[in-house]
Amino acid sequence: MSEAMFTANNLWILIAAVLVFIMHLGFASLEAGFVRKKNTVNILFKNAMIIGIGLISYCIIGFNLMYPGVNEGGFFGFAGFGLSMPEGAAGAIEYADGAYTYWSDFIFQAMFAATGATIVSGAVAERMKLNAFLVFTLVFVSLSYPMTGMWKWGAGWLDALGFYDFAGSTIVHSVGGWAALACIIVLGARKGKYTAKGIRAIPGHSMPLATVGVFLLWFGWFGFNGGSVLSADPILVSLVFVTTALAAAGGAIGAFFTSYAMFKSHDLSMVLNGILGGLVGITAGADLMSPTEAIIIGLIAGIIIPLSVVFFDRTLKLDDPVGATSVHLVCGIWGTLAVGIFGSAAGLGQLINQLIGIASVGVFTFAFAFLLIYVLKVTIGIRVEEEEEIQGLDLAEHDMQAYQEKEESFAFAME
Amino acid sequence: MSEAMFTANNLWILIAAVLVFIMHLGFASLEAGFVRKKNTVNILFKNAMIIGIGLISYCIIGFNLMYPGVNEGGFFGFAGFGLSMPEGAAGAIEYADGAYTYWSDFIFQAMFAATGATIVSGAVAERMKLNAFLVFTLVFVSLSYPMTGMWKWGAGWLDALGFYDFAGSTIVHSVGGWAALACIIVLGARKGKYTAKGIRAIPGHSMPLATVGVFLLWFGWFGFNGGSVLSADPILVSLVFVTTALAAAGGAIGAFFTSYAMFKSHDLSMVLNGILGGLVGITAGADLMSPTEAIIIGLIAGIIIPLSVVFFDRTLKLDDPVGATSVHLVCGIWGTLAVGIFGSAAGLGQLINQLIGIASVGVFTFAFAFLLIYVLKVTIGIRVEEEEEIQGLDLAEHDMQAYQEKEESFAFAME
Amino acid sequence: MSEAMFTANNLWILIAAVLVFIMHLGFASLEAGFVRKKNTVNILFKNAMIIGIGLISYCIIGFNLMYPGVNEGGFFGFAGFGLSMPEGAAGAIEYADGAYTYWSDFIFQAMFAATGATIVSGAVAERMKLNAFLVFTLVFVSLSYPMTGMWKWGAGWLDALGFYDFAGSTIVHSVGGWAALACIIVLGARKGKYTAKGIRAIPGHSMPLATVGVFLLWFGWFGFNGGSVLSADPILVSLVFVTTALAAAGGAIGAFFTSYAMFKSHDLSMVLNGILGGLVGITAGADLMSPTEAIIIGLIAGIIIPLSVVFFDRTLKLDDPVGATSVHLVCGIWGTLAVGIFGSAAGLGQLINQLIGIASVGVFTFAFAFLLIYVLKVTIGIRVEEEEEIQGLDLAEHDMQAYQEKEESFAFAME
């Protein structure tokens, strides 16, 4: 491959990594907007630490678990601790058939890695102990995410089987969703959510912050899906941009009509989650779909969102403050199945492979997360005290408040 | 063209599309910051839907209306419904002389398309019915914007004439501005704005949100103008970056001094709109100007902003909560004229061509928007009820509030 | 160099410039979040004006002072006023050995230039006169920053000596930090900060805004450091991305543990400043470090942050509302020294060169800034009146408020 092609391909992987990075601000903003004011510092703190913990643990363990470079078609492999660039410049260039360097590969994948824990962060908001959450993040990102990631992207057994997941509807999003589900089952609902008098809606404290978050996630998703081409291939990357954008648009439209039919009002949080649902839905097959198919996949994801949110909240009585299970788990499953139904890979055989992938990753991840959170529960404890939850985690865990409302009187008192 | 050049050119068009995408968050934040708290969810909701409606309608109709590929030098053309990639990989590469693929062309243009309606969104804020606005958006983005866009960028009659509009001072910004003007004339002012006691200033509810919006718009404008080179040509794209940045800086300086002279205070909203005015002003000729000319064009746009805002508000008594008509219409006209006055295309002949372009696009767009909003007025109605306007659109249309202030007492009440 | 390589290299410099641009929104958000509500418009206004003033003054004077193209190894040089592209297209391409155009060079460096003043902006917040600050910005960015910048990056005497500062731990960050230090010494603390009753913590008004700011700064830092490779060299740029990200992650972890040990709570502002400290710390040697060394440099920077913040606040009683001196000055010095301790350039000789660079730039910048702020103090005055400070700068200087809380009652009163 020519130097110029190598440079252009590598540049795109790096820019895509930057775009995926900013998704962490998207998650932080979205989750902060959807929680109550008294728990805002806590959710911001968690998101700042997740990216720190995620990058370093992926550097030490995760990357070499996910891409062991040995044991093709297998279930497990490990290339040792820490990063080790292939020898010299030539090694870096020959890496990955000359499409990008070893460092680019690591940083792009590392930005993905913390996403799983970020998804959990929102679901367990407003009631989980900070330290327990950070330990969960460390173990989950170091071990569970790279294990199942290796099955597909590390040339493991699901890849050998023919399972298809372009940018991670299953490998990233439903993995986060399964972990979130396990955590909220073990953790229980927020106080006052499900009472004898009925189910309380607990609205988030800032819709502007949540909206900023969703637009930033959409923005970053062009890197998430577009970078997953793993080169700057003009036709593939541009097709992926089109399908990604149209699925998100379809998600907005689907959630708009469905939530209006269900609630007789124009619910902003449903449209925002509909956009995210459309994005998660297209992620598994973003390189396989036509524009029309992308719109349909997004529309269906958008229709799923309000139905799923209501199902988790009212039927299952599982408390998920940001709708992470609906967006990432349910739409992650939908997007993975869609590869067997729509697009150039559709077919019954593919659909069965997709089901095997969904089920195997789901069983492993749910079991791992359930066990991990359970062990944390019986050891260091996972739930804050009742009075801390009422007071809010910002004061209880951080001795801070997200907003200072009354500084004028304070300043006068100084005189 | 070599594969490497094709890849680099195409990559830039895609990245530019991502930058234009984030301008929608810029508009959403700016408009949300400039409206009252009680109408914040509504403006966020509109902006989330605009991008959804805009992308899908441009995919189905708009793109083929704007770039019909037939009828060169004409007034109207249509290449049929939906997207259809040129046959195979070769077709994709030969498309656009090898500078970018068909998909890249679509996604870059589609990100532009919704901008017209976004500009209207701010001007009609705080009093227009949501459904009427969404229907307006759908029809305007599907038909009006691509029609006049085709006159210039689709090789239509204005292009044949010699009208110059590099990245859309007229074709995008004044189009949005004319539509906004038609809408606010038909819609009328917000209640309490113009009373017997005088004209009330109605300040926006969050200057931080508005500021975030302006910086994001400036950020995205490097893609809006830089991508309009339609290749990664190093000299042209870098020159466009320089003129774009300097015009925005000039706009800040111009608005700073003018608004201080007028109001004897340092008005942040004027400086923010001055920056946007500078950006709109340079857009028509960003590839033709020297750095000094770019600063002058921006300075003049910055001087225009406070004068124009006061003229619309006090003289014409046209209520535009975000100053969209001053920024996009007046500075759009100024920037288009500036091509005939400054830079390498300056001259009387060019100036006349610019005037013809401004007038023809203006007459068509204003008439289209006026008729459309009038038809909506007499059919489904365009204005919310008086009590809804007083209560705020967030509760009236969305049954939500943008901010939850009192969750502590709520949580205690749960016990 | 081939056309395709030139195009790819140049494209990266331009994209890096866009990323550095958005750091100005990062600074604006961070500083706004860390000040009191009553001074929010003021800090946003300053940040909007800094980028305007910075770009234009760098265009007129600064760029030609910093890169005079003459007097190699010297102390001072000036290539004349304004921009002047090398003759024709060939000149633009031959410029900088074909890695980027003259315009790309200017815009990338211009985005850096305003950063120095932005750092000062936060430190002097809540008490400095707007006009005095803007004059300070103009003179400092026009003269002081480019002078010391020339010593290293303009092939001046520090460069000839062997001083190493890859992307500006000293040349950008500690320059801003020294200026901030001089200003807060001359300006004095905010009223009510240091009283007979003790030292008051004055918490910022919005942690979400501060968090958004830090994530945007991190996002932009990939352009700040990555673009400083001055080409799209795949190995170097990707290595710089890895070291930059890991140092920031290390900063988060270091500040997490240190601030918990010191304060027994999880202080979000310390973790946020820890991330920034890690980023400043890696900036001087981002191209020289291994991943492990990057983590260590970041960790140490993160440990430094809470210690330094407490030292400035409690020991020196120097009032710095956003911690700019700790982040930019102290971690800037640390990062510059780290080049002599870690990585491929480490050694006693290098360490001495680093010390000479730190000291010479520090002495010049501190003296320049001290003299400048002192002259402003005795001429136009630098401190707002006591009642203005109590009332808040937003009302005193801008006749505006950042937030409108009570629009409902206003609207009803209109009826």
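So that you can tell them apart, the chains are marked A, B and C in the order they are listed, and the count of residues begins at 1 in each.
Just so we're on the same page, a contact is a pair of C-beta atoms (placed from the backbone, for glycine too) under 8 Å apart; a residue touches a chain by one contact, two chains touch by 3 or more.
Just so it is clear, the structure is predicted and the values come from calculations on it, not from any experiment.
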Between 0 and 180 degrees, and as a multiple of 5, what angle does the rotation take that fits subunit B onto subunit C by Cα atoms?
120
Same or different: do the copies subunit A and subunit B touch each other through matching residue numbers, with over half of them shared?
different
Whole-Å separation of chain centres (CA-atom averages), subunit A against subunit B
32
Among the residues of subunit B, which ones contact at least 2 other chains?
2, 4-5, 8, 11, 15, 206, 212
Touch list for subunit B against partner subunit A, complex:
2-8, 10-11, 14-15, 17-18, 21-22, 24-25, 28-29, 32, 40-41, 44-45, 47-49, 51-56, 59, 82-83, 89, 92-93, 100-104, 106-107, 110, 130, 206, 209, 212, 397-405, 407-408, 411-412, 414-415
Contact residues on subunit A for subunit B in the complex?
2, 4-5, 8-9, 11-12, 15, 19, 36-38, 191-192, 195, 200, 202-208, 211-212, 214-216, 218-219, 222-223, 226, 232-235, 237-239, 241-242, 245-246, 248-253, 256, 263, 265-269, 271-272, 275, 291-292, 295, 390, 392
